[in-house]
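Structure, as structure tokens:
Order of writing sets the chain letters: A, B, C and D. Residues in each chain are counted from 1.
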Amino acid sequence: MKNSFGQNLTVTLFGESHGPYIGAVLDGFAPGIVIDEDYIRYQLSLRRPFGKISTGRVEEDAFEIVSGMYQGRTTGTPLCILIPNRAQNSGDYGERVIRPGHADYTGYCKYHGFEDHRGGGHFSGRITAALVAAGAVAQSALMEKDIMIGSHILQLQGISDRHFEDIPADIAYINKQAFPVFHPAAKEGMEEEILSAAQRGDSVGGILESAIYGMPAGVGEPWFDSVEGMLAHALYSIPAVKGVQFGLGFDGCKYYGSDYNDPLRYEDDEVVTVSNHNGGINGGITNGMPILFRTAIKPTPSIFTKQDSIDIATHENTTIQVKGRHDPAIIHRARVVVDSVSALVMYDLLAGRYGTDYFIPLD
Amino acid sequence: MKNSFGQNLTVTLFGESHGPYIGAVLDGFAPGIVIDEDYIRYQLSLRRPFGKISTGRVEEDAFEIVSGMYQGRTTGTPLCILIPNRAQNSGDYGERVIRPGHADYTGYCKYHGFEDHRGGGHFSGRITAALVAAGAVAQSALMEKDIMIGSHILQLQGISDRHFEDIPADIAYINKQAFPVFHPAAKEGMEEEILSAAQRGDSVGGILESAIYGMPAGVGEPWFDSVEGMLAHALYSIPAVKGVQFGLGFDGCKYYGSDYNDPLRYEDDEVVTVSNHNGGINGGITNGMPILFRTAIKPTPSIFTKQDSIDIATHENTTIQVKGRHDPAIIHRARVVVDSVSALVMYDLLAGRYGTDYFIPLD
Amino acid sequence: MKNSFGQNLTVTLFGESHGPYIGAVLDGFAPGIVIDEDYIRYQLSLRRPFGKISTGRVEEDAFEIVSGMYQGRTTGTPLCILIPNRAQNSGDYGERVIRPGHADYTGYCKYHGFEDHRGGGHFSGRITAALVAAGAVAQSALMEKDIMIGSHILQLQGISDRHFEDIPADIAYINKQAFPVFHPAAKEGMEEEILSAAQRGDSVGGILESAIYGMPAGVGEPWFDSVEGMLAHALYSIPAVKGVQFGLGFDGCKYYGSDYNDPLRYEDDEVVTVSNHNGGINGGITNGMPILFRTAIKPTPSIFTKQDSIDIATHENTTIQVKGRHDPAIIHRARVVVDSVSALVMYDLLAGRYGTDYFIPLD
Amino acid sequence: MKNSFGQNLTVTLFGESHGPYIGAVLDGFAPGIVIDEDYIRYQLSLRRPFGKISTGRVEEDAFEIVSGMYQGRTTGTPLCILIPNRAQNSGDYGERVIRPGHADYTGYCKYHGFEDHRGGGHFSGRITAALVAAGAVAQSALMEKDIMIGSHILQLQGISDRHFEDIPADIAYINKQAFPVFHPAAKEGMEEEILSAAQRGDSVGGILESAIYGMPAGVGEPWFDSVEGMLAHALYSIPAVKGVQFGLGFDGCKYYGSDYNDPLRYEDDEVVTVSNHNGGINGGITNGMPILFRTAIKPTPSIFTKQDSIDIATHENTTIQVKGRHDPAIIHRARVVVDSVSALVMYDLLAGRYGTDYFIPLD
């Protein structure tokens, strides 16, 4: 499957940073889902660079749905979204000096130099625009089932935001923020950190915290298509993601079992857990509590500082000073990509469990 | 695919904790791989409980390869490994009170009460014995290609082991240790922590650090079958895994791009990176450096302390005091499962890149 | 996937003719399906050689379900069926002279001589016993949905049986016949043909005609997982199948469109077609009419006549005179394999459309 | 996977007859394959309607490769081909009266009326233009490996062409013919039949015979991804295909085993079979002889004669007289679709066996 993901809703990505189009094919959507192009546009706007904390390359992200849509709704056949590349500036990428931290070298090893390396080619974060557009359609369907997804920056260079508290309200709030942080002081501090790094020609990463609210219990597979495994698999495709953890995750190693275990209770004949250290998943399967996970975003590798590297054309050690337009941070833009990927995976798992027709709108 | 994993080497797991057999079918092994039954037995012994720090249920793990083997070698057809269950004691599992932290409740939601819940059924860590036997065959094939895999306990209740240093030597050393820690004082401290938890009827988790040495550059896919995605997907199937991170992982959010990026160099006309903060992977694809990752293991949920829970038969809140034989820690046993899963994934990726015949022994 | 088939219900086959076991793992069964071991035994009996028209090797086909079953029902986890091999006689297969028409040579090319070639190894028709046992569980679930499957010998060496007429009654009748023919004279003639071929040390093939009754309209995919494509894919795995056609199939080339097209009508507010030349499928999707197809079975390649062949050990032209116990015809045994494969494919398609829980028994 | 096919080279189709674009994404091509746009155009021209024997709707089939290509070669990343729809005439398709023999009714059942039914929508033969463009790239790669594929009309309304004789020369010849028949008199007779049917407002089908020359021995899987199963699966996606048979196929039931079996011989130390009744495949695996198969094409369902049918909007029985522009025969256009599908499947099987890099051009 390689560049595809999902068994019941399969997303296939194509495109290069400097080619005519990037895009996605989505196979498995139920027929009849209303496609809200404004919502797709809004989600794309959350991913788009903005202000002083982002790259100068700003794509309009005009998208076109060229199949699988009829009279404003999904048809049930493969839905292809095309997004034209317009603002690329290929002149900046002529040489074959490897950019450290990028996929330049690994792409060269894999594709033997035949790859379109301009702007990172198929490895470029640009491709995530297609994921966001795709995910927006899945989100529309999930919202009809009262399933909500949101992410915020939990940590950036030592500055921490608060955790999720009232999850549905927090998701509603955060999805309206261009810079996704709950605490105003944290927001200010993080933006300062990004600007300061930008001024030094450097970059920062951080940690995203995400919540998926409203998933029914009993979804996922024990081996191997666990909710954690499926989500992590997909999330690791997002450039710069280097870690994924659920519930307490790595902090869980500080707990004893007696503190870690989430006690169960009936509340109004519904099963809940008193704590949610397992992040809504036991044995790979949803337990009905919110799914909570964190994603580590490494500092953007494109920095303007001079770095040691190699020239694969001449086979010589050299230095590189990256030019062009680059983000000092992508974490605030990555959050909508994380949400989009999460939406696609949740849709896939639900369609597997309840059948293709589950998402057909009733009325 | 659900209970299967891998595109070129596919492993399918079956079995329940208290059924007659657990097992695995492996489809995609090259023909001609020597099956070293002693090595399989050794790997199984690393997973088996031992000493005072483990459960009283000790299975002999006699395994039988019932297909895909002829004259001591793989045939290239599906290889089925059966492991009989002999020491199960079903008397302990009669009730349907949910054990907190286990898959009892989620299994019930998914399978509507038809699941064989005895001893955790298909969710039981017991199933990993089949994964270990399967992984041992893959490891034999990888070792012929000078690829080595090893894991140690990096952290357990505040006690830390040193990181990997001389990776090939460290892997060779650690794979001979029943309790996988480099530093003798750390080993002693961790064992004491486990014993102390056991005496209180409690349990501990921890963090495993793993290294894969010798993978060629250029293996993996950008979207979605990245090395990180494939490994994480498979690792999350191991019961109790709640986090996976590569290279610096979550600690990377403390770095600036200028420190994080791994500078490249030619050394003897081979490309190396000066640091390895990316854990041997860029853009989802191996760069030829060792693959480094960490896995979070939550505290074993089966504890002897009384816990609040529910009875799904009566729909009432109640308490549970788990009986039977349970591990106060599984992290030292889990490391060989992590290694086995890693071996299966590496085999799969290599066979995809280089074809089925890549692992056929030359002579 | 190689030795696996099906997206929602996946069957994985393993085993060799002369190994200790053959078997199947079935992943995707709904929980709660009653496993009728008598019915499995009955279906296996239809596949077993009998009388003078079959091989002398008669396996008892004692099967054991070692996972995925609890209290006589499916659990929803992978169901593994083991069938021990007991009557094999490996002494007959020592040499490496290639049997014409068999997979001996192609297996050698694929597996480089490491294959277990005894008795055809993994290519042996013996493996279909596992398919039949697997299919019997799927059939039990389909029968609960009033879906029936049956096959008869339409043609054998110029002797023809009548076509299906009253399909539900015909299926019920034919599934009780050890030699599956409607017309008594045709049965007699076919059996004589088989006996006569057997006496000459020769073999015969024939054509099976199959009907699947009761499938709802709207199941299947336009590209590529059409009902025809999925069925044909699976049917071609049955050794000796060399052709599959639906509805009028190859005879359709004699028709004009005006005769071929099936006119539609409402009857009691249900849509039916007046004729069924399309065999119940349009555009790859069921139309609610019976699915009708025919399968070409080539003459059994194991004959006792001396044949020209090669010795792959010595690289010399030679002759071969096959010894051992072989069927002069397998078509009457193959029909239950065709039915079983069909049941697995129908289950898979229905589970994809309606979700995993579709087959959970209501009560 | 639904609208995707292939494990190592995966083709995903999208588009509707009257949407802005149809297209295909191909994932798994080796990097470095020269993309010959003239050859793609030529192959598309073989599929395009022409002369009096075809529909009046003639699409220019201007295609654009929007990803996975760089400097005229494949990059190894997903290759997306877009073909704009320009000549559609949606005015002809306003009603919801079901056209007999089409997927109108089954599409309605599957997609609940949300499908874009205009011109057959996603079921339209128009989609095969994308398959042909995709297949042309695969053919280019196969030709570098001296693998050739060709098809001719074996039978049409009682008129028969001769069989393949000198296969490489026959393939070279037939691939230059717009109307693919070897025997001039057969060509003339068939064209007359088509014209005569057209004049009566009727349509004809026929049988295609295909040959694949140059495949190495040892490719394919015993269960379930046999060469026959994979080819048939893909071929059944082509609209109007109702039968697929290999080698002698259904005629094989007239043979005894002693005549059917193909004797083997060494010729110049290469293994050949004296006859090729098995069509180049034993046990699902290539034996190095040409792969021979036949495909049944049903008469085009769009005819101008009045037919009984139903109106799914009013739930009433009615009649339909199809208007618009329709082919009286598509078999001469279908042959390049059969060749294209075959090329994609052969590429997939070879890449699975020999690895992704097998098709990288050496030099």
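Just so it is clear, a contact is a pair of C-beta atoms (placed from the backbone, for glycine too) under 8 Å apart; a residue touches a chain by one contact, two chains touch by 3 or more.
This structure is a prediction, so every number in the text was calculated from the model and none was measured.
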Greatest separation from subunit A - chain, by CA centre: C
Chain pair with more C-beta contacts, A-B versus B-C: A-B
CA centroid of subunit B to CA centroid of subunit D, Å: 45
Centre-to-centre distance between subunit C and subunit B (centres being mean Cα positions), rounded to whole Å: 38
Cα-centroid distance, subunit A relative to subunit B, in whole angstrom: 26
Residues of subunit D whose C-beta touches two or more other chains: 1-4, 7, 13, 77, 110, 122, 222, 357
Subunit B to subunit D touching residues, read off their complex: 7-8, 77, 222, 352-358
Of all residues in subunit C, those that touch subunit B in their complex: 1-4, 10, 12-16, 19-23, 25, 27-28, 31-32, 64, 66-70, 73-80, 82, 110-112, 114-116, 121-122, 357, 360
Contact set on subunit B toward subunit A in their complex: 1-5, 7, 13, 98, 100-107, 109-110, 122-123, 127, 155-158, 197, 202-207, 216-226, 228-230, 232-237, 239, 241-250, 252-258, 260-266, 269, 271, 273-274, 277-279, 281-288, 294, 296-303, 305, 307-310, 315-317
